[in-house]
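Residue numbering begins at 1 within each chain, and the chains themselves are lettered A, B, C and D in the order written.
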Amino acid sequence: MSDPRSLDFRSDNVAGVPPEILAALAAANQGTDSSYGDDAITRRLEAQLADLFEHDVVVFPVATGSAANALALANVVPGWGSILCHREAHIATDECGAPEFYSSGAKLVVLDGTHGKLQASTIDRHLARDIRGVHHVQPMAVSISQSTEAGTCYRPDEIAAIGEICRRHNLKFHMDGARFANAQATLGCTPAEATWRAGIDILSLGLTKNGAMAAEAVVFFDTTLAKNFDYRRKRGGHLFSKMRFVSAQLEAQLTAGLWLRLAEHANRMAGLIAAAIGKIPGVKLLHPVQANELFILMPDVAIAALEAAGHRFYRWEAAEGPCVRLVTAFNTKEDDVEAFIQALTTANFEAE
Amino acid sequence: MSDPRSLDFRSDNVAGVPPEILAALAAANQGTDSSYGDDAITRRLEAQLADLFEHDVVVFPVATGSAANALALANVVPGWGSILCHREAHIATDECGAPEFYSSGAKLVVLDGTHGKLQASTIDRHLARDIRGVHHVQPMAVSISQSTEAGTCYRPDEIAAIGEICRRHNLKFHMDGARFANAQATLGCTPAEATWRAGIDILSLGLTKNGAMAAEAVVFFDTTLAKNFDYRRKRGGHLFSKMRFVSAQLEAQLTAGLWLRLAEHANRMAGLIAAAIGKIPGVKLLHPVQANELFILMPDVAIAALEAAGHRFYRWEAAEGPCVRLVTAFNTKEDDVEAFIQALTTANFEAE
Amino acid sequence: MSDPRSLDFRSDNVAGVPPEILAALAAANQGTDSSYGDDAITRRLEAQLADLFEHDVVVFPVATGSAANALALANVVPGWGSILCHREAHIATDECGAPEFYSSGAKLVVLDGTHGKLQASTIDRHLARDIRGVHHVQPMAVSISQSTEAGTCYRPDEIAAIGEICRRHNLKFHMDGARFANAQATLGCTPAEATWRAGIDILSLGLTKNGAMAAEAVVFFDTTLAKNFDYRRKRGGHLFSKMRFVSAQLEAQLTAGLWLRLAEHANRMAGLIAAAIGKIPGVKLLHPVQANELFILMPDVAIAALEAAGHRFYRWEAAEGPCVRLVTAFNTKEDDVEAFIQALTTANFEAE
Amino acid sequence: MSDPRSLDFRSDNVAGVPPEILAALAAANQGTDSSYGDDAITRRLEAQLADLFEHDVVVFPVATGSAANALALANVVPGWGSILCHREAHIATDECGAPEFYSSGAKLVVLDGTHGKLQASTIDRHLARDIRGVHHVQPMAVSISQSTEAGTCYRPDEIAAIGEICRRHNLKFHMDGARFANAQATLGCTPAEATWRAGIDILSLGLTKNGAMAAEAVVFFDTTLAKNFDYRRKRGGHLFSKMRFVSAQLEAQLTAGLWLRLAEHANRMAGLIAAAIGKIPGVKLLHPVQANELFILMPDVAIAALEAAGHRFYRWEAAEGPCVRLVTAFNTKEDDVEAFIQALTTANFEAE
C-alpha cells in the first residue's frame, strides 16, 4: 500500500538519508577531534578516494553542490576567463551566479546539445571561432554534468573526446557530478574510466542527492590545480569547524559500495517508469532515461489527473508540449512507482 | 577517572554534539519534504525565534559562522563601506577575509579595546575623525562579538551605548554571536535585552560551538535589512538542499532551553578553573572569565608540564608573557576540569 | 591626392582629434582649478547636457567607453542580476568582462536579432520564459547599442517598444552610446526622442570615437539611479584628478553642435562608399549602412587586392562569406573614400 | 605682482600642464595610428623606460594613480592576501578601497611609522607575529609611497632594507610613485638605485601630479609579475582606445629630463617656504620637507589670516595642533611663494 506522503517525485533532494548516514554521524560523535578538517575521518578520505579512483587525488569536503562547483571552477578560471558548458547546465541556470561570484565575474558560455549533452564537435567549433586577445574573455575551462540535467549520461569515450579538445586548447576539464553515482550505476565502468582517464581534471563529487544530508567532495585529479583551494573555501565560509560530520557522510557512502547501491536503486525505479511509458499511448519520454530523472510529455489533463491523485512532481518547460519531470531517489518505494504507473495509465486513458 | 581523550580544551568546536541533536536529525529524517528551506521545520524557525527574541525577525539558517557573518555584513555594507570592529574580532582575524570577499572589498577598520571589548567612546572618537567624501570608504556598520574573543561579555547597557552611536551615525549594528549562548548564560538578561533593545540590527546566532553539528542562524531584527539576503546566500553556495537537517539542529537547541543549559554547563566548567587560578601562585588570568574561554598567564615550564600530562590547549600570544587559551564546552567533564586544576597546581608548584 | 597614411578604415578610434579639442584643452589649461571634478568646466557640464536632452540629468565624465558601460550597469544590477543584450553587444563581446567585474559577477544574457538590433518581441519572449526564484539570476536591465555593432540605428519607436517592456518588468534601460552621435546624425530626431522619451534610464554618451581624445559621459535621466555612482567611479580608478581636461573635451564637442557635425561627416563618408557598393557587381553590404560602419561581403581576392593597394580595414566573420568591416571617422577624407571606391571597383573587376 | 588666481597651494593636481605636454598631444595628433596601445608612441615607451631605469621593464600606461596602484597590487595579491603599508598610505586612505576592489577583497594592513615612512623593523616585527594558516589572510606584498604622504623621501638604503625583508618573506614590493619625480629630484640618485636595485618589483610611476594631464605608468621590474595585467587593465576599463595620447604625455615628460626639471622646480618652491618657516616664530614644520609638500603647524588665527589674504591650502589633522598642508607644483610662481611667506610672517606676527 502506498503512503500518500511518499508519492513525491519532485527531486532526489526531497528525500532524507539512509540509516547508514545516521549511524555514521553517531559514530563520528565520539570524544573530541581536531576541527576544520584536521580530524581523523577527513584525513582518511583522501586515501579512500584515491583507492576508488585509482589515482592520486587532493580532496576537499564541502556541503553543497553549488559550493563545490563554484569553488572548483574559480580555482582554475580567473575573472577574464570563460567556462564552456551546456545551455541547461546547473552552473549556468540554477546556482544564481555562484560561479561568477566566486571567480570575480568569469563568463559562462552556454552551448547547445541534444539531450543535455555537450558534443566535442560543438566545443571545437566554438573554439575555432572564438577570438583571442585582450578585448575578450579567454576560454579556460569546460564543465559537463554527469549525469546531465536531462537525465542522460556521457559515455567514457564521449568524455574523452571533449577531454582531448581541452588538452589541445589548454582548457581545464570539470565534471559537475551532482548525480555522479547515478551515472556510474548506469555506465558500469570504473570511476577512473569516466573521469581522469577521459581527461577530467576536477570532479565535484555530489553525494547529497544520493542520500547524504549535506556532503560533497571536490576531487582534484590534477593535484597541481588544488593550490589555494583551501583559502578560497575558508574565505567562502565553507570550511566547517566540525568537519568530521561532513566527512563521515562521505566515508559512509563510499564504504562497501553504499553509494552505488543507493544510486542503483534510484535508477531502477526510474527504469520501471520508463519501461511502462513505452506501453502507454499518448505519453512519451523527452529524453532517454539513463539515470534517475524522467522527462515525460503528456497531455495537460493527464498531468492534472496525476496531481489530483496526490502525485508530486514538477511541470517542465519543453518545446514539444506539456511535460513533467520526475526524479527517483535512493529510497523511492516500488509501491509508489507502481502507483504512479497505474495512475498514469488511468489518467491517460481518461485524457483520450 | 579522567579519560585521556577528553583532556581537550583546544576549542569548543573539538566537541561533538549532545544526544538531542542526533535525535533531532533522526526525527527530521521522516518522509520527504520540500528542499531549499521550504520544509516544515525551517518554516517553524522564524516563529520560534520571534518568540525567543520577543520581536519580529527574518531568519536564514546557514551552516558556518563565517558564512553567517560575511553574508550578514555584505547585505548592509557595499564595497565602498567600512565595518568598525575590535582589533581581535573573529571577522577581522580568523575568517581569511570572508567579509571582504562577500562585500566586494569593504574595509574592516579595527579599533582597540581592553579585554576584547569595543567601547562606545572609541567608536565615537573614530567617527569624529573619519573623513567623509568620495575618496574614502564610508563607515556603514559596527560589529561586536558576544561573547568576545577574550571570553568577556558586553552588558546590555554597553551594547546600547554603541547602539546609540550607530543610530546617530546611521550605521548598522551587527553582533557576531558565535558564543551568544555563553554570553546569555552569564548575563541572565533576556535575549531581547542584549540584542534589539540595545540597538542590534542583525545577529549571527551561532549554535555550532554550543553543540550543533553545523547550524547557525542569521537573525534580522530590522527586517528591512533582510532584502536580497536569499540571493546572496544561494550565490555563496550556502542554501542547503536538505535544509531541514540544518534547521532541525537549530530547533532542537532552541527547544526547552537546551541552548542555555548547554552554555551554562560550559561556563560553569570555565568558572571552576577560573576560581582555582585565583588560588595558584604564579598563574594569572589575562581577562575576566565571563563565558567559556580562559586566557591564563603561566610560566613556560608550567605550560610544558601541562602538555606533558596530556592536556590540550592552544598557546596564545600575549604581551604580558607566556599564555594559554582554554575553551570549555557543553560536554566538558568536571573530572577533566579537576584533573586540569590538579595538574596546573602541581605544574606551577614545580615551576617555582 | 590620397595620403597613404590615411587609407585607414580600421576603426574610428585610429583617428586623432579635431582642432577644437586641442583648443579646448589649451583653454582649460589656465590657472589652477579644483581637482576631482569640482572644477568650473565639469560643473557646467550638467546644465549643458540638461539643455541638450531637455531633461534633468546627473552626469559623470569618464574616459573610456568600457568604464562608462560597466560603471553604469553595475550601479543598477547587482551580482544576482542579469542584463539582456544583443549577442554582438560590445559589453558582451569586447570588454573582457568589464560589466561582470564591476557588478560582482552579474550575468549578460545574449539574445539574437538581425542587423545588430534587439527586438522588443525577443525580449518579451525571453522574459516570459525566464524563471524567477532564488536559484536564478534575476533580469534587471536591458542594454542596447546606438548605433549598433552592425552599423545600424534603432528608431525612437523601436527603442520605445523595448522601453515599454522594461517598465512592465521593472528593468532598467541602458543605452551604450559609443556612437550615439552617429545615430543622432542619421535619425535627425532630438536627443530626447531617442533616449528618455523612449524609456532610456541611463546613457553612456561616448564621444571618443567621435573625435575626443578620451571623453565619455554617463548620463542618468532617472537621477535616482545615480546614487553611489561616485563611489564606484572612484573605487574603479576612474575619478580623474585633473578632471577639467576630460570635461573640456565633452564641452567642446557639445558646443555649437560640433558633435553632430563630426558625426555627420563620418556618416556621409560611409554613405558614399555604401552608395558605390550598390553599383559594383560581386560586392554586397551585410547590413544597411545607417551610421559610420560598413560590413562588405566581397571575394577573398578582392580583399587581398585592396590590402595590397594600402587600404586598411578589418576582416570580419560572417556566415555569408568573406567580409570586411570599414569604419569612417570625423576626419575621413573624401579623397580616401574615392580611392577606396576606385580600388574596390578595380579589385572586384579583376576578381571576376 | 602675484595673481590672486594662483595663490593656490591645495594640491599639485590643481595645476594644469606645461607647454611641452600640449605640444606632445598636438604632435601625437598626426594621421591615424593603431588603437589600444598598439601605436608607435606606446611601443617606444618600454625602451625609453628601460633606458631610464637601466633594466628590462614591462610597462602599462594608465590614466590615474588609483588605477595604477590597484591594478598593480591586484596582479600580485589575491583576495586572501594582505598588503602591508603605512597607516597614511594613499592606497589605504584615499582610494575608496580601489585595491580591495581590484583584488577581490585583499586586506590592507596598516602599520605606523614616523614622518610617513615605514621602517623595515616594523615590517619585520609584524611578520614575526603574523599567523600563517588558512584562517588568516596571507602577507603577500609591501607597498610604500615615494615621496610619502608626509612629504618625506625614502633613501635607497631604507628601501633596500625593506626590500630585503620582502625577499626573505617572499613578498612583492610595490612603490606608489605618485610623486616619484619629486623624490628623485631630492635624492639625486639614479632611478635604478631607488627602485629595482633596492628591491622594488613594481612601480606606479605617476606623472599627472608632475604636470601631465592624466598619465601614469605601471612599470614591472620583475617582468614575470606582469602576466595577465593586460586583461585586468582592459576589464577595469583602463585600456584607452586612443592610447597614443596618454603615452605621448609620458614620453614628453621623460624626454630630455623634463620630468626632473618640473619636479625640481616644485621642490625648490617648497624649500623656499620651508626655509622661511624656520625664521618665523610660532610656526613649525610637522615633517621634514623633502619633496613638494609642507605640513605647517600654526595658530588658528594665522590660518584664518592667510585664508583671508586669498591663500588656498587644506587644513590638516594633526595631533600636535592646528595644521595646514601646502603643495607646490611644477608651475608654482616664486612671486606667489614670496607672497605666502610674507602673509605668513604678517599673519603670525598679528597672531602673537
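Heads up, the rule we're going with is that a contact is a pair of C-beta atoms (placed from the backbone, for glycine too) under 8 Å apart; a residue touches a chain by one contact, two chains touch by 3 or more.
Remember, it's a predicted structure, so these values are computed and weren't measured experimentally.
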{"item": "Interface with more contacting C-beta pairs, comparing A-C to C-D", "value": "C-D"}
{"item": "Label of the chain whose CA centroid is most distant from the centroid of chain D", "value": "A"}
{"item": "Rounded Å distance, chain C centre to chain D centre (Cα mean)", "value": "35"}
{"item": "Distance between chain centroids, defined by C-alpha means - chain B, chain C (Å)", "value": "52"}
{"item": "Whole-Å separation of chain centres (CA-atom averages), chain A against chain C", "value": "42"}
{"item": "Multi-partner residues of chain D (each touching 2 or more other chains)", "value": "36, 79-80, 95-97, 101, 104, 134-135, 231, 234-235, 239"}
{"item": "Chain B residues touching chain C - in the complex, by the definition given at the top", "value": "36, 78-80, 104, 134-135, 138, 228, 230-232, 234-235, 239"}
{"item": "Chain B-facing residues of chain A, complex", "value": "3, 5-6, 8, 10-11, 13-17, 22, 25-26, 28-36, 62-68, 70-71, 95-98, 101-102, 208-209, 213-214, 231, 234-242, 245-246"}
{"item": "Contacting residues of chain D [partner chain B, same complex]", "value": "79-80, 93-97, 100-101, 103-108, 129, 134-137, 317"}
